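All chains are identified by letter, namely A, B and C, in their written order; residue positions are counted from 1 within each chain.
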Amino acid sequence: MRSETSPLLKVEGLCRNFGGLMAVDTLDFDVHAGEIFGLIGPNGAGKSTTFNVISGFLPPSGGSVRFRGEVLPGGKAAAASRAGLVRTFQHGSYVRSMSVGDNIRLGTVSGTPRPERAGRVREVAALLGLSDKLGETAGTLPHGLQRLVSIAIAIAAQPKLLCLDEPLTGLNETEVGTVLKVLDGYRRAGDRAILLVEHNMKAVMTVCDRILVLHHGTFLATGTPTEIRGNDDVIHAYLGQAHAK
Amino acid sequence: MDNKRKTVLHWGLGGGAAILLSLVLTDPYLRSVLTLMAISALLAASLRFVMLMGELNFALAAFAGLGAYAAGYMNTALSVPFVLALPLAGLFTAVASALFGAITLRAKGPYFLLIGFTFTEAVRVVYSKIPALGGTSGMIGIYPPLSLDDWMAGIVVATSVILLLGLFAAERSDFGRILLAIRENENVARSVGVNTYLCKVIAMSCACFVAGVAGGLHAFVNTVISPGDFSYLLAAFALAYVKVGGENYFLGPIVGAVVLVALSHYAIGLGGSEHFLYGGAIIVAVLLMPSGILGAFGKVGPRSVETKVRAARHAV
Amino acid sequence: MQHVIQLGATALQIGAVYILFSLGLTLIFGVMRIVNFVHGHIFAIAALVVASLLPRLVEGGFAAPTAYVLASLAGIGAALGLGALIYFFGFRHFQRDLVGSFILSIGFVLMLDGVLLSLFGGSVRGVPEIFPGTLSVAGAQITMQRLFLCAVAFLMAAILYWALAHTKLGKALRAVAYDHEAAMMVGVPYGRIAFLGFLIASFLAALAGALLAPVTIVSPVIGTDYLIKGFIAVIIGGLGSVPGAILGSFFVACIETVGGYYLDSSYASIAIFTLVIVVLLFWPKGVLGRG
């Protein structure tokens, strides 16, 4: 499925430094339609920075992000989003004081014509099992459901590339199952893909088609979950013996 | 749908009652109190509208002043009729505030607030230096047409109801949702493709349109305006209305304006100090009933969590 | 040339007061992340106490300098008491809540407006001369009183600057301003540091009030004017930045002096505002503000 079609996302020579610190150093990778692409690495490996640069929340210091063939203007989050690259945030990307329905509706405001918004909200809510929570205030929901609301907002924006920043943190087994099922379904429905940063290795290994391992801001390894699991460098740097067996 | 009908009914009843009251009141003193309440409610609602996105628009006083002076100048110097001068004053203010917002809303929180404060004081100096605007002593003779004189209270209240309805509709629309998202988690709004900077400027401009018309009404009701009318205290009083009524409720600023204007007229009648009253009201409201009068009456809605969330949100 | 020196001397005098004033504002913002509008009234109360006590003490037989020191101590004491009261009953509950604390401070401002007016009356009052005489430097005249004011103000600014860098309290203040959560994690007692920071800031404002009382006309509304200038200074310099506050204060003082000399003082305040807008266009967080 790779290489025949042009990639959905093509990251070339991406750099980002903070003062003297090179957080991301000449990173290259691409994400194709139809796949779930995992981005993993130990804490401080540069995953969040990579995410922020790709989604336009930080301008790159060098290199380019090409999305659906077009180079994205650096540091313009709204533009990236309107182009079809929508992200979530690690610490919950939803509005606490608004109802779940209003939260999901936020995802529709810039891309969906007004008459279709209500329908889209119901659709997305059903997809994530939030249909009976639409009227509840997001801030009062249990943590797991709040995570789902964040994902629902992003999905409501109908991204071509859905970028999820640690969406599974704090979820129980059942909720992880729900999210993974949604992600799997999302990827299958046409020309879209998911970029996933996640610490839950079991989930990453289950759901991802390809994985990129970052270490100290640079490329360490890439491949299928099986390849990554067997890669000595990765085991050494990150996974530890426990996961290797 | 049912909710929508209820809202329409509430507006019809509330707005209608207010307008009716302004028409049946014959006592000139009570009429003047009512018009003051209406104008105060407009200013407070304008302030609250910007608060929806988490910013305190302390330039409110300056923009109410711009509206008043624009209306006054158009009416006295250019002979623009009342019915035209009022919306034009609002438009003028909206444009001016968009320019102001475009510069100052790039800065966040404290900078925006403080610039508003200094802008208010600077604009007052400008009025006092322009002879065409009456200088320090102000502008006089801003009269509505004689035929409308008896109807002024009704006109003021009706205009206020219409503008409040506009703000209400904006708050309940997706635009209002965006403003709330900007206040609590601006990154969410940006992540779904919203140009938050543009939205902030638009919100500021809408709110100041209302403030400008309120200023224009003030000019026509008082027939005299001076730079002293538009000091930062005007914004401070508006803040008191919002805070005392309940900032989480659309009705908050209206209730606050009605209660505090009534109280202050009563207190002044007893020889009390307006500043002391308003200051005390704000302190009591902030410390003892953070969700205002409406909140204290136990109205629990989806908005009630806001106050709890707020402390975390406004941390810079 | 003489003009230039005279203008420079005047700018220095005005700037000295603004520095004291804006250092307090920037300190409070840095440590507590609040915008303190009551600062002007803390300043005013010190000035008012000095202005009303000093003539009585002099009439009571004290020598002018002694009376001034006593009155100043009383004024600063009153201001610090007010500051502590406001902190404990108000701002303590609103740390890092910009909007909430601001609304509260507006409440205090309005209330104190009423209190000061009824305590001290609306009339302005003059104060007898404490340090008579003028000093002549290269043709420019500076009264001894103003020279004294400058000297104390600069001394205080220098002490504060030194203390922030070298004392334990100063380091704690800076740590809290930089990242209060990290500071708390390494054992800085945030509550106490915030209170001390607030008191130091109030002290600076009170000192400015006590110093200014003999050289200016004191009225209950004196604080507002200085508050505006102080805020402009910290906006220009960058909220929370100590060197920024000093830089901003001089900037405002220079424009005010030069503008006031060649045009008139009200045009100067328009010029200052224009300057603020220009600064914000290029540096949305002030010239020396942190991102």
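One rule holds in what follows: a residue touches a chain if its C-beta (ideal position, glycine included) is under 8 Å from a C-beta of that chain, and two chains touch if they have at least 3 such contacts.
Please read all numbers here as calculations on a predicted model, not as lab measurements.
Participant: Which chain pair shares more contacting C-beta pairs: B-C, or A-B?
Facilitator: The greater number of contacts lies at B-C.
Participant: With centres defined from CA atoms, tell me which chain sits nearest the overall protein centre.
Facilitator: Central by C-alpha mean position: chain B.
Participant: As a quick test, compute the distance in whole Å between the mean CA positions of chain A and chain C.
Facilitator: Each chain's C-alpha centroid was found; their separation is 50 Å.
Participant: Could you please state the distance in Å, as a whole number, between where the Cα atoms of chain B are centred and where those of chain C are centred?
Facilitator: Centre-to-centre distance between chain B and chain C: 32 Å.
Participant: Between chain A and chain B, what's the gap in Å when you average each chain's C-alpha atoms?
Facilitator: 42
Participant: Give the list of chain C residues in touch with chain B in this complex.
Facilitator: It is residues 29, 33, 35, 89-90, 93-94, 96-100, 102-104, 106-115, 117-118, 228, 231-232, 234-235, 239, 266-267, 269-270, 272-273, 276-277, 280-281, 284-286 of chain C that touch chain B.
Participant: Report the residues of chain B in contact with chain C in the complex, numbered from low to high.
Facilitator: That would be residues 51, 54, 56, 103-104, 106-107, 109-111, 113-115, 117-119, 121-122, 125-126, 128-129, 233, 236, 239-240, 243, 273-283, 285-287, 290, 310-311, 314-316 of chain B.
Participant: What does chain A use to touch chain B in their complex?
Facilitator: Residues 55, 57, 77-78, 81-82, 86-89, 92-99, 102, 105-107, 109-111, 114, 117, 135, 137, 139-140, 153-154, 156-157 of chain A touch chain B in their complex.
Participant: Mind pulling up the chain B residues that touch chain A in the complex?
Facilitator: 174, 177-178, 180-181, 184-185, 187-196, 302-303, 305-306, 308-309
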